[in-house]
Each structure stands twice: as C-alpha cells, then as structure tokens.
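Read from first to last, the chains carry the letters A, B, C, D, E and F; within each, the first residue is number 1.
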Amino acid sequence: MKKKNKRLITILIFMTFFAFGSVILLFNLRENLIFFYSPTEVFEKQIETTQMIRVGGMVKNESLAKKIKTIEGRQLEEISFVITDFENELVISYIGILPDLFKEGQGVVVEGFLKNVGKFEAKTVLAKHDENYMPPEIKDIKSIKDNKI
Amino acid sequence: MIFNLANPLRFQRLTEKIEPITLNIAIILLLVGLFFCFFGSPPDYLQGETVRIMYIHVPCAWFSLMIYSIIAICSIFSIVFKHTLADLISRSCAPIGACFTLATLLSGSIWGKPTWGTWWVWDARLTSELVLLVIYLGLIIINNAYEDKSKADRYSSILAIIGIINLPIIKWSVDWWSTLHQPASISKFSSPSIDPSMLLPLFIMTFSFFFFFISILLVRVRGEIIQRKIEVIRFNRMV
Amino acid sequence: MVLEIISVYFRRNKRLIFYNFNLKLAKSQIIILIGENGVGKSSLFDLSVGILKPEKGVIKINEIPINEIDQKKKDLFTYLPHKDSLKEYLTVEENLFNWLELVDIKIRKEKLLNTLKFFKLNNLKNNLIGNLSQGQRKKVSLTKLLLSKCNLWILDEPFNGLDIDSINKTKKMICNHKENGGSVLLASHINLNIEGSKRIFIKSPKLKISNKIASFDTWENIK
Amino acid sequence: MGKYKVKLDFFKLVKREIRIMLKNFSIIYSFSTFFVIASLIFVFSVNDISYVKIFYKSIVWIVLIFSIMLVSENFLNEDFNDGSLKELQFLGFSEESIMVSKSIAMWVMIMIPMLFLVPLVFVFFQITLYELINLVINLFLATPSLTLISILSSLFSVQLKRNKIIQFVIILPFFVPMIIFTTSTGTLFESYNLNENQFLILIGIFFITLPVCLMAGRLIMKEINK
Amino acid sequence: MGKYKVKLDFFKLVKREIRIMLKNFSIIYSFSTFFVIASLIFVFSVNDISYVKIFYKSIVWIVLIFSIMLVSENFLNEDFNDGSLKELQFLGFSEESIMVSKSIAMWVMIMIPMLFLVPLVFVFFQITLYELINLVINLFLATPSLTLISILSSLFSVQLKRNKIIQFVIILPFFVPMIIFTTSTGTLFESYNLNENQFLILIGIFFITLPVCLMAGRLIMKEINK
Amino acid sequence: MVLEIISVYFRRNKRLIFYNFNLKLAKSQIIILIGENGVGKSSLFDLSVGILKPEKGVIKINEIPINEIDQKKKDLFTYLPHKDSLKEYLTVEENLFNWLELVDIKIRKEKLLNTLKFFKLNNLKNNLIGNLSQGQRKKVSLTKLLLSKCNLWILDEPFNGLDIDSINKTKKMICNHKENGGSVLLASHINLNIEGSKRIFIKSPKLKISNKIASFDTWENIK
C-alpha cells in the first residue's frame, strides 16, 4: 500500500515535470522552429547583412518586374518583386529560375541576404501554396463571385 | 470480451477468414481509385496535373501516423497488460509503417520539386516526419536484434512509447510554426478546402490503402503466431 | 517465517521452471537446495529477492510480500549471486568499502582488516580483484557475510572454488549464523554435513504438450 | 525522515559512481582525446578557418554527443556484466535513482574535461568571449539531458554485446531536436547578447527528458535481468 | 608447407572474427543507419546543405573514426574478458596474426557498409564523381592503418585496466597525422585529378603503422596475461 | 613424459609462487593438483601451456621445451582454463563450432548433436550461452573434451558448479581418456576417487626474509 503510494507520487511528480517542460517549450519554441520570418519580423529583428535568412509572405499583386542585367559578361534576367504580410513589404531581387507555382497573389519563401532596409537579395525562391485545391472551372466561378462582392 | 478475442489462437482463426475478403476489397478499391486518380478527377487550378501525387502522398502520410498510433497503443497495452497479441501486432506493424513513411517522404519530395521548387527543406513537418522514419527503423532493428523475442518486444514497446512525443509534432507543426508545408486541407475542424471532385479519389485511395494495410497486417501477424508456436514447442521439448 | 514462497509459477525463456512451487524458511534454519544443473536454483534466488517476478504466486520476506516491501531491502537479506559484482580494477579493500557504503554499514579500517583475517585475505587487501585467484575472489565476496548484519542469507553455490579449509570455515560461519537466530538459504552441489540443515531436492516439472500448445498464455494448457 | 533517507541513498550512489570512474581514468582520457581529435579534424580539413568559425557550435555539439555516447557505453555495460547493476537493484535502490546517479556522475565526468577543453575551443575556432560564454551556458544546460538520453540508449543495447551501434540508431532521433535548438538559433541570429530564449528551451527539454528517460529506464532495467 | 599452414591459420582467424561479428547481422544495418543519421545531424545543425558540402570529408572521417573506435573497443575487450584472447594464444596463434586478423575483420566490417554508404554520400552532399572516387580511394588506403592503430589502442586500454603500469599512453594522437593527410590535402588542392601524392603518403603511413603496431601489439599481448 | 616441469621458479605480482618446482606427467596418468586457494595451480597450468613464462626452469611437452615447440600447440593439449572463452551472445552450437574450427577438427552436425547428448545438452543447442545456468555452461566447455583428439588434457577445476550426476560423468570421461592412453592434469578442491590417479599437494614456498631483501631480483636472496 505504502509502496504503491510512493509510485503514485513519483508518477505525479514526473507528470508535473513533463507538463512544466512542455509549457516552457510551447512558450519559447516559436522563435526557433520557425521556417521563415514575415517582413514585419525582419524589420523588428535587425538582422545583420551577413546572415542568411528566409522571409515568407504573399507576392504583392502587379509587383513582378524583370530587367536584363549584365554580370561577368553574361546577360542575366533579374527578377524583382515585393512580398508582403499586409503590414510591411520587402523588395526582393533574384536571378534564376522561378518555380512553376510562383504567381502574384500566391505565397512564397525566399532565402538570401538582407541588403539594406526594405531590400533583399534572394538566392533561392520557394513557392508556398495554400491548402485550397479545386479544378480551374470552379476557381473561375469563385473569382467571379469574389469580384461581384 | 476483448481479451477473449485477443487470444492468439482464436485471433489466428478469425484472420484466416477475414484476410481474403479485405485483400479483395483492397484490390477492387485500388483499381477504381486509380481510375479516378488519373482520369476521373480534374487538374488543380494552380498545380495542374501534378496534383495527382496527392492521392498517393496524403493517404500514405495519414497511414504513417495511424500505424504509429496503433503501435503506440499496442505498446501501452503490452507494457500494462503484458498481452502477447499486442506485441505481435506492433511487431508486424513496424515495417509496414516504415514503408508508408518512406512513401510519404518520397512522394512528398517528388511533389515538392514542381510545386515548391526544391526536393527537400528542413522545415518542422518534414523533419519530424523524417524522425518518424528513423524511429520506425529503430523499432525494426530492436525487433530483430534480440534473440529473445519477448525482450525485444518489451524494448521496442518502450521506444515506441517514447516516440509518441513525435506524433503531435508532425500533426500540428504546420499550425504551430510557419512551415513551407501547407496547413491541413482535410483534417481540420471547418469543412475541407479541397473540391469534392478531388476528395472522391482521395478517399477511395485511402480506403484501398486501409484494406491493404489490414490484409498485410493479418498475414504478418499470423506468421508471427505460427513462429511463436514453433518456438514454444521447440523450447519445451523434453529430453 | 523469514522467507515464504507460496505456489509460485515461473517460466524462463519459454521453458517451464516452477509449477506450483512452495518453500518455507523459518528463523534459525538452514535450507540447502539440491538439484540438477538448470533446474532453477539460481532463478529461485532471483525470485526471492525480487529481481525476477513470478507469473503467479507470492513471495514473502518477514511476512511481507516482496513487491510491497517499503523499507530498504538491504536490511532484510544478504544475497551473494553467482556474479559477484566485484570490480576487477579496484582493490579488495576498495571493493568491500564500496559495498559497505551501499548497504549502510559503517566500519573502521582496522575492523575490516580483522575481518579479512578470517579468510587470510589480510595481506591481499591492496591487490586488485583482477589479480586474485578464483578462490581468493570467492572469499572476498564471502567476507561480505561476515560484515553484514542481516538475518537472512541467500547464497548461490558459496563453496565453489574454495579449498577444503575455507569450505569448513564457511560452514562454521553459516552454523554460527544459524545459532544466532539467522536463516540461510543456499544451493550447493557439494555433499555438506551441516547439522540441523534441511535439504530440499528440486525437480523440474514434467510438462504435457497438449494440442492446445498454441495458446501459450495460460498455464492451464501447459500441464 | 523518509525523504532524508532517499536523499542520502542517492548521494551514496553518485559518490560510488564517481569513485569508480576516477579509478577508471581511461574514460576521461579517451573522452578528451576524442574531443580534441575530432575538433582538430574539422579545423584541419577545412583550410579556411572562417568556415570553421561559422560551424564551431555544430562541431562542438556533434563531437560532444559522440563522446558522451562513447562514455555512457562504458558506464552501464561494465556494471551489467559484473553483476553490479543487479546488485544495486536487489539492494533496493530504485531504478530511477540508479539512472539519475549514473547520469550525474557522467555529467560531472564530462564537465571536468570540458572545463579544460573549452578554452581550447576558444583558441581553435577563434570565437569571441561572448560566444564562448554562450556556448558554455548552453553546454551546461544541455548536457544533463544528453547524458540521460545516452544512458537510456546504452540500457537498450546492454545485452547486445557486439552490436553497440544499435544504441545510436535508437537514440539519435531524440538528440536531433536538442541539436536543432542548441545550434541552429545561434546561426540565425548571431547576436552578441546571451540568448535566454534558447536557455529556456534547453531547460524545458530537460524537464521533458528527465521523466521520460527515468520511466523508460525503469522499465528496461526491470526487464534486463530476465 | 609451413608457410601454407600459416596462411590457412590466418584465414581461419579472420573467418572466426567475421563470423562472430556477422552473427548479429544487424550490426551492418545499424552501422549504415548510424552513418546516415550522423550525417543528418550535421545537416540539421548546420541547416544548409551547401555548407555541409564543405565538410563532407570531415564528416565521413569523423563518423568513420568514431565507429572504428567503438567497434575496436568491443573487439578486444570482450575477447579479453571472456578468455578468448588467452585461448587464441595458447592454441598457438601468433600475436601478430591475431592482431592482423582482427584488424582485417574490422576493416571488412567497416568497408562493407561503406560501399553502400558511399553512393549515399554522393547524393547527400552533392559532390562530384571525381571527389567521390578520391574519397573512396582515400578510405580504402587509410582505414587499414586506422584499424590497426585502434586495435593497438584498445589493447593498451585493456592492459591499463589490469595493472596501472602504462597510465598515460598516448595512442590516439597517432590518428591525427592520418586525418590531416587524408582530409586537408583534398581541400587544399581541390583539383579534378586524382591525388596520387596523397595516396602515396597514405600507403607510406600504412607501411609504417603495420610493423609498429604489430610489434607493440605483440609486446602488450605477451604482457596481458601476467 | 608427456609433460615435464623441471625446477621452475616463478613469481607473480612480486609474490613467490614456485621455488624449484618439479612435476612429471607420464602417459596414461592422471595427476590431481590439490592446494590452498592462491597457491598457484592455475598459474602452473598457464605456465605449462606457455602463456606465462617461468623466470627459471624448463617446461617440456612431449620432451620438447614449450618455447621451442614448432608445430601448432592445439594438437598437443586441450586446456580448459577458468575463463571458458564462450561468447554469451552465440548459441551453444555456434560456440562449439567456432572452437572446432580453431583447433582444426572437422565434424558433422549430427556427430556434434550426439556428443551434446552426453551431458544432456542436446535440446539446449540453440540457446544462447548467456541464457544458460552456470552448470550448463560448464558442461558446454567440458563437451570440448569429448570432441578433442589431444593426448594431454589440462583442466582447471572442471567439477566446479556441476551437479553430482555430471561430476560422475566427467570422472568417467577422464578415466576413459586415461585408459586410452591419455594424460590428464587437473586441479580440484573436491575429494575425488579416481582410481589410479596421483595426487600432488602444492604448498606455497616459505620465504625467509633476509636482510638483503632489497635485491629481490636474484632467487638466491629469497630463500
């Protein structure tokens, strides 16, 4: 009987430990496990320019622009666009091939270096898409509806 | 009542009856499902044809989690009640689960290339899924490394129970932290954000996989039971 | 009763070892277990100290079931299993001091030296255990009995590897312990003449392999 | 009084472990050599020191983990083989206290050489003092969990004589989160202020690993003598 | 004829070692998994595959050394503890052949999984084919010396436990030159042609370690049963 | 003479073990060494097989000094030391096969099974050594004798841990070997009645501590 009580107490202590640990983790983990920052966070954090980071957000509508640049004698197409979290915006410049799913109004994650305030030089561009799946026809109907409203 | 059914011998007899039925269902569903996957469903408005990978990826991902949950529940059972059938089931489940996890990872990477633009990133969901695979591998290794099967069962149960921590992380990592992987489309509280025309093949495939899983599991468990029987007879043969 | 083993059922490695086994050890009694190799003597000791758990049945020490004993077990019995848990790279003295500290016995160095004299180990006290002969090593672990204050001694083949002189000394030690009200449970293959000791022959249970062998979970199907 | 006794028991075990350890000096020795050599390998293999500087944390951690595993192997195997583990159990020490005492002893044994090794890291990787302090605090907070996990893992493999590597396979996935938290943040914000957030995470991890490892260890130890 | 017999004996020993090793076939399996996970740890901690690429050699080497150390410890300690080493000696096998057979067995045990792992390294770290071939040849040439050295060092540690005569034998540092040669040269001249110079150095090292280790091993083994 | 130990001087750990020790073992002879623990029986065996080297004196097997023997020693004697060199994680069968290969004996599986029957180990053949009881383990190493083809057996306490039945079997085995012209050198603390065996009592040499103790390098100064 007594021994059983002892075990019960140990298990209870263990449970509290576990709960305590989980609470600590849940409150502190967000920062560390995050895959990318939003533009707002980038502005708040004051990240050094030598630091490779990832920034994610929506590609702002009608912000995509391309221009030809000459680097080391080769003609390369520099792509620039703006990503936004609807509070802050960040201008991204990128040389390379965009993923197929890259579209204005869609999510994107870019990886690279912060050049100066509001400017970002991307090394990689990853498309991030949302959880909606539908056939094109329905999409059209939906967007028509949205437009009406 | 449950323990009555859980008698290995009775279980074996039951499985002999069930197994052909489940296998047939699985095959029929698979054929129908494959038709719907490739011909009977529309392309996505954004991804186009690549969306069809979903019909493999998502069921595999669900089963990788579900099978682990089964193993975990059986492990708790085997630790608390020391029931042999629970051991047999978790032992038989581990390789199947590992296969599903591997399939998830592979199909995910294959899908990731056209959609995200990369095979692999270290975001929370993908990493934790990879950890799941490693845990599965650990379970398999333990199950085979010890000569003494009952010891192996005990140890792998312990490992499986520790590994439970990983499950909620896989499941909700997309909600807790910002990840590249998309948040839940179907398994969420509001209505699914996938069009019904795409949901249909997904569900057919899911059920097909489910029945496949059940029939493979039954075969494996039966094999295990027979093996143990042989062992008992071998060990108890008198001089 | 100092030790009671009541209708114990036990399997090891799927092999049947004990089928409804009973044993009682009273105060001031010596029980010598005798049996074939592999019949389960050492397993019985492990069961009695609670390292192994029987599948059925109860084991009581001082009338308390072993798995409900609350106080430290080290005050109840001294068990010398086959593996003597001596560290080869520590000296005799260090090993014994380590053990003494574990079982909460405080002793002065001179006392220990005196005790070591019983088995003529006193001038080996600074030798590493790894450099002792088999018999000397066995004597070191038997010295633990001289130091312990427990009532119940459980000894697994304590005479193995000892020379005749030391066997007699050990016998005397055991008899003394009995005289002082202690109880001893030991296994031995050597024909011992310890007065007042009770010998118990253990036989391995015969088993009928029924057709129902498959349901190996229940005892009913085994016998 | 009961509590007082439990405490005493516990210290006794720790003392025993440390006493035995100190006799078996080769463990400390092999730990330190492995650590130094492994770090050296990194330094030498990359001719550009600036790269090494970026990764010094990862290097230190990986090397640490490996060496901890090397040591823990030793710790439990021997006790199992010569019957000491069994003795501790039948003398009535609870499995939890055995686990904890072993990991405390191991922790001490690892921290002592670390004190000598950390300045070496300082010189090797040419890091700043702040980074060093950060690293030391990190080590201090993370090693308890690491030792617990590695002791648990060697418990798993104690009966598999030749197949020692199995323990890594079993347990490395549990190290993975530790490593992510201890190393990756550092590279994300290489700021000059101490990173309390990270420390809190390590403490949180410790509070989770402690009960989990103890419970699992208890279950395994019960099984080990069967 | 005498020579022929010696040869046979020698193969017998190697076969014995490998048989004992392979008994637990999962060791190869675990080894491979270990390798993968350990590399993954690097990737985890560094968070960026392009950086990990810089270190692929160091990673391979550290994992290799670590596993060799782990395995060799086992190889000799166990044989000593259960009396097998003594048995081999009194059955008339020469100390040299025991040493060599053990290291060959170990070498095989390490090389077999390596063969499967090397393509993985190729994919994992995205190295070029030339680098890969270079790495493989390096591994091939360096591991014999490594296994010999590690077997010698575990002989020392066995001896150390018995009588504390040789307290501070520094055997592991012998690894260092090996590593420096194998890892640093590769990155110093990251050329696309195979690096014969380096290979020659490795072969040279092997011809030095072989006699030194065998002689030292013989001496220690003679001493070990005293 | 099968084994000859001629005026051997030996110290172990600075302790004097043998001072001018002589022993002769002829063909078809059994010699039982008896002596206190730590007197040096096991050391004598190690000396005879050449693992230890005497400081002075010669040891000959079949008239050849042991350190000059050219052929493989495994054909000359079978030695069962205290540590039985069985691997705990291998089965009985595997362990024996490993040994058979080392000593160059080729045997079919059925033959081995038959031999295992002698000690009733046949249904343990697939058990791991680590899962056997002490006595069973000892029997496994004694089975090596049944398989060996050597003339000279050197056995260190072969009866330790065996039950009475097995002790008798082992005795019979040893007698048989002698009958067939073999020689046996064994150490035992158990009072054995093996006909035609010769017992040799070993006593530890008394040492006179002279004033010249410092120069303990020369044997003359010790006695």
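Observations on the structure shown:
Rule of thumb we're sticking to: a contact is a pair of C-beta atoms (placed from the backbone, for glycine too) under 8 Å apart; a residue touches a chain by one contact, two chains touch by 3 or more.
Model, not experiment: these values are computed from the prediction.
Between chain D and chain E, the least number of touch steps comes to 1. Of all chains, the one whose mean C-alpha position sits at the greatest distance from that of chain F is A. Among the remaining chains, A is positioned farthest from chain C, on the basis of C-alpha centroids. Note on interfaces A-C and A-D: more C-beta pairs are in contact across A-D. The centroid of the Cα atoms in chain C and the matching centroid in chain D are 36 Å apart. Between chain B and chain C the centroid-to-centroid distance comes to 48 Å (mean Cα coordinates, whole Å). Computed from the mean C-alpha positions, the centre of chain B lies at a distance of 39 Å from the centre of chain E. In chain C, the residues that touch at least two other chains are 13, 69, 82, 88-89, 131.
For chain A, the set of residues that touch two or more other chains comprises 29, 33. Among all residues of chain B, those that touch two or more other chains are 122, 127, 134, 137, 141, 145, 148, 237-238. Chain D makes touch with chain B in their complex at residues 156, 159-160, 163, 166, 169-170, 172-174, 176, 180, 208, 212, 216, 219-220, 223, 226.
By the touch criterion stated above, chain C contacts chain F in their complex at residues 13, 35-38, 42, 82, 124, 127, 131-136, 138-139, 157, 160-167, 189-191. Touching chain A in their complex are the following residues of chain B: 42-47, 51, 54, 114-118, 121-124, 173, 176-180, 182-185, 193-195, 197-198. Residues 29-30, 33-36, 38, 56, 98-103, 106, 109, 124-139 of chain A touch chain B in their complex.
By the touch criterion given at the top, residues 5, 9, 12, 15-16, 19-20, 23-24, 78, 82-84, 86-93, 225-226 of chain D touch chain C in their complex.
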